[in-house]
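Each of the next two complexes has chain A plus one other chain: chain B in the first, chain C in the second.
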Partner chain A sequence: MAAACGKVLLRAALPARWFSSSMCRMNRDGEPTKFQPPPKPVIIDKQKQREERRFLSPEFIPPRGRTDPLKFYMERKDMIQRRKVFNIPEFYVGSILAVTTADPYADGKTNRFVGICIQRGGRGLGATFVLRNVIEDQGVEICYELYSPRIQEITVLKLEKRLDDNLTYLRDALPEYSTFDMNMKPVSHLDHEEIPVNKLQVRMKPQPWSKRWERPKYNIKGIKFELPEKKMKEAQKWKQPWLEFDMLREYDTSK
Partner chain B sequence: RGDWSEDCWGLCTRSKEPDLSLSFLVSGACRAIQKLTRVRVVDNSALGNAPYHRPPKCIHVYNKTGVGKVGDKILLAIKGEKKKALIVGHKMPGPHMTPRFDSNNVVLIEDNGNPLGTRIKTPIPYILRRREGEFSKVLAIARNFV
Partner chain C sequence: MAGWGLLARLGARLRAAAASGGPLRAVTAVSGHSWQLGFAARPVHDATWWHEHLSEENVQFLRKAAAEEYRAQTASKLCPLKDEPWPLNEWKPDSVRVGVVAVKLGMMPIWTKSGKKHAVTLLKVQDCHVLKYVSKEDSGGKTAKLLVGGKNVSPFSKSEAEMEIFREAGVPRKQKVTTFNVTDDAIIKPGTPLYAAHFRPGQIVDVTAKTIGKGFQGVMKRWGFKGQPASHGQTKTHRRPGAISTNKVSRVFPGKKMPGKMGNIYRTSFGLKVWRINTKHDIIYVHGSVPGHTNCLVKVRDTKLRVYKDCNKNPPFPTFFADGDEKLPEDLYDQDMFQFTDPSVTYA
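Up next, the complex of A and B:
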C-alpha cells in the first residue's frame, strides 16, 4: 500500500518528465533537448530498381512512318522468338563485345572477333552493329546482323557507355583507342549497378579527317579537339541554333 | 586521301602544305579499288616495301566492271614497273559479316598466281578461302585471318 502510494506520488510529482525520454538526454548546457525520432530506414528494393531500369534494345522501336503496325508486330514476334533461342545481351555503343560466327571458310568453321561497338543501326530483324578493332596495325570493322542465324555467340566483355551515340570518329583517332586484345578477359558487371559512362576524350590524328567532326552537326563530346581557335570558331559557322525551336520538326518529346 | 600513317612517300608529309604536284582529283566517292586508286602493299616483298616518291597505283582492274573488290586481280604501277596484284581488303563496306579495312590492301602477285613476298602480317578476310584453288599460295603465306 505504501509502495503503491509512493508510486502514485512519484507519478503525480513528475507527470511530464516521467514519460519523456529527455530525462536521459541532456544538452551540453544541461538543458533538455527536444526528442528527435530515429531516422526512417531507407528500403532499397533492388528488384523494383532493376524493373524500372529495364533495357529496351533500340531495334524494337519502330521508325516513324505510315507503315502498317502489323508489319512491326510480326517482326517483333520473330525477334522475340529468336531471342528465346539465342541470348542477345544488353550492350551499348562503346561496349566491347566478342562475337563468334559460323563461317564455312574459317578454321573450325567458327570465326571469333573482338571489338568495340561503334554504331548500332537498323530496326527490326535487320538490326546491325559494327565492331571495330585494330589488328597488326590494320583497322578492321565488321558489321554484324543481330538476328542472323550465323551468329553463334555474343559475349559482352566490358559493358559501358560513351559520351556519344556514334563512335565512327574512332577511324580518325589514334589507333590506341581502337585496339583491344583478342583474348581479353570479360570485366564483371553487377546487375543492379548503373551502366558506367566512360568520359574518355579521344585524341585524333592530324587533319584531314573522314568527316569534319568539329562541326556542331555531329555534336561530338568525346573528342579532345586540339585544333586552333580559328578553326573551332569557323566550325561554329555551321551551327543551326534555330533547329531546336523549329515547331514543324519532329523530335523526341519523351524527356 | 590516303592514310596519314603511310604518307612517307618522299616529299609528301602532312605537316607541310599540300604538294601542288599532286593535282589529281581526290574524291572519296567509290571506295573500292578502281583505276588510279592508291593502294597499300601488305606483303614483305622488296618491290612493295621499297621507298619511292610515288605511291603504288592501280592502272587496270581485271573485271567486267572497272571496280575491284576483295579477290579481284588488278594491275599496279610500282616504282615505274607494272605488276599484277590481288586485292585483299578495301575501305568500301561490303556485305554484312565481312570485314572492312581502314586501307586498300593488296598483295603483289605474278601472272601465274605466285605471290612475290613470303609473309603477310595484316589480317586477310576468310572470304578469300572460297577460291582456294586460285589463291592457295597467297593464303599459305598469310598469317592472320579475320
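Up next, the complex of A and C:
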C-alpha cells in the first residue's frame, strides 16, 4: 500500500508543473482515514515554490561592515517610499530595458534610452545599473541611478538572465550582440514562469580586448572562445585552484 | 659578578615559587628581597580588568544594577521643563548656544528638487546630556562654558574622581565629554537632554571630530610631496623628502614637514548645511563629509562663519525641549530637498 502510494507520488512529481499538490492529497484521502506518513521524502511542488518566490533586488542587501544597522534601516525606508510612488520593476543583468529620464536640454524635456543591462552596482539609495546599446555604429553605455528622481519610467522590454553576472565583455564582442532596436516591442512574460536563462555564447572581436576575458578569474561562461589551444592553456596558468579550499576566505553561503 | 649569581639564584627561587604558588607569592618573594637588591627583580603589573577578582554572580548583578540605574537616570531627565529649569531667554543675534555630541553613522545620497545629487552624512544624537556649567570667572576664559557628554558607556573602568561629574549631574557615564563656549543667556541646567531637533533644516553647522588614524606615514602620503622618479638611475630613493634645508641657514626650521604619525587629531569641517532632521531616531543629515570613521563621536555646533549669519536666525533657544509645547513631525526637510513622497522631477 505504502509502496504503491510512493510510486504514484513519484510519477506525479516528474511533470510537477502540471500536477498540483491537491492530486496527491486526493490519493491519500481515497484510502481509509488512518494517516500514512509518506514513505519517501516529501516532494516539493515547483509551482507552489514559484508562487512563494519573491525577487529581492540586490541593492537591499547591506554590505558587510561595521556600520550601524540603523543607517541601513533609514536608507531602506527611503527606498521603499520611493518604490511606493514609482515602480521599479524586477530585472536582471542581461534584460533589455527602456528608461525615460527628465532632461532639461532635450526636446519634450524627456530622454528615452533602450539597452541591455550590463551590470548592477551599488547598495542602498546609490544603486546603479548600466545600459548598453549600439546607436549608428557607436557603442553607448549609460549608467542610471535606480532611485534618482529624474527617472520618469523604467520598462522591462525583455526579462531574461544570462550566464554571467557581469556582461562588460560585450564591449569586446561583435557589435551585433549589443544592438537593440530603440522601438522594440516588449516581450510578454508570465508571472508564474521561471526567468529564462539565455545560454547565448557571444563571438568576440579579434584580440587585444579591454580585459583578458579568457582568464579564469573572470569566470565567464557566455563567450565562445575561438582562441588557439595554446592561449587557452596559457590562461589556465592564472587559475587559483586552492581558493575553494581556503578556510579563512569569506564567501556567499546563502545558497 | 657576585650580584649576577644572586640574581640567578633569585630568579630560580621566583620560578619555583611561580610553579608552585602563583603570581601573588612570587611578588611577596621579590618584595622580601628588594631591600637587599634595591629593585624588584621581576616587573609587577597591577592593572586588572574590573571583574577579574569578582565572582560570576556578582558580575551579573553589577551589570544588571548598572543597566537599571542608567534607565532610571535617563527616565528622570526626560522632562527638563518641569524640573526647575534655569531661566529661558530669547535668542539675540549675538547669542551663542550649545552644540551637540553625535555618532557618525555613515553617508547617503540625496537629491534636490531640481534633480541635482548631493552626498550627506548621517549623525545620530545618542544619549546627549548637559553635564556641567562652568561660569566665566571659574573657567578664566571670555565666555561661560557648558560641558556636554555623548554616548552612554559602562561605568566600571573609570576611576571615582572621573565619575564625579556624571554623578553630580545624575546622568550615566558618557564616552565623549566636550566643552562649548556659550553666552550667558544660553546656559542650561546640567542634566538636560539634548536632541537632534536642537538643529533645524536649513541651518549651517560646523562638525569637529578626530580624523582616521593612519599611523606612522611617510612624507608623500602625509604632506603630499612628489618623491622621486621610479627609474632613470635613482638609487634607493623613490619616496624620500630630498633636501630639508639650505646651507646658509645651517639648521632645520622648526615645523619642517617630515614623516610622522598621521591622523587621529581633531579637525573641523566648516559651513555644512543641515538637510533633514529625523526626530524619532534623532538623526541629523549634514551636507558633505565629516572627519572621523563610522561610529565615531562628533561635536556639532552652529557655524562660526560670518557669511552664514542669516541662515541661523531664530533657532530653538537655549535648546529644544521634548516636553515643551512644540510638537514636531517625525521628519523635517529642507525646502530644496526632494522628498520621496513626491512624484518624479520634471522640467516644464
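The rule is short, and it goes like this: the second predicted complex is superposed on the first by the 204 of 255 C-alpha atoms of A that agree within 3 Å, B and C clash if a C-alpha of one lies under 4 Å from a C-alpha of the other, contacts with A are read in each partner's own complex, and residues count from 1 in each chain.
We take it that a residue touches a chain if its C-beta (ideal position, glycine included) is under 8 Å from a C-beta of that chain, and two chains touch if they have at least 3 such contacts.
Just so you know, these numbers come straight off a predicted model, no measurement behind them.
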item: Which of chain B and chain C A:148 touches, first, second, both or neither; value: both
item: Which superposed partner A:140 touches (first chain B, second chain C, both, neither); value: first
item: A:103 touches, of chain B and chain C: first, second, both or neither?; value: both
item: Chain B versus chain C as contact partner of A:124, first or second or both or neither; value: second
item: Touched partner set for A:111, first chain B, second chain C, both or neither; value: first
item: Which of chain B and chain C A:88 touches, first, second, both or neither; value: neither
item: Partner chain(s) touched by A:74 [first = chain B, second = chain C, both, neither]; value: second
item: First, second, both or neither for A:205, with chain B first and chain C second; value: first
item: Shared chain A surface residues [contacts with chain B and with chain C]; value: 103, 145, 148, 150
item: Chain A contact footprint on chain B (complex, rising order); value: 1, 4-5, 14-15, 28, 42, 89, 93, 96-103, 105, 121-123, 126-130, 144-146
item: Parts of chain C lying in touch with chain A, wherever the complex brings them together; value: 103, 105-106, 108-111, 115, 117, 122, 124, 278, 281, 283, 294-295, 338, 340-348
item: Residues of chain A defined as touching chain B within the complex; value: 101, 103, 105-107, 111, 113, 128, 135-145, 148, 150, 171, 205-206, 208, 210
item: Residues of chain A touching chain C in the complex; value: 65-68, 70-71, 74-75, 78, 81-82, 85-86, 102-104, 109, 124-126, 145, 147-152
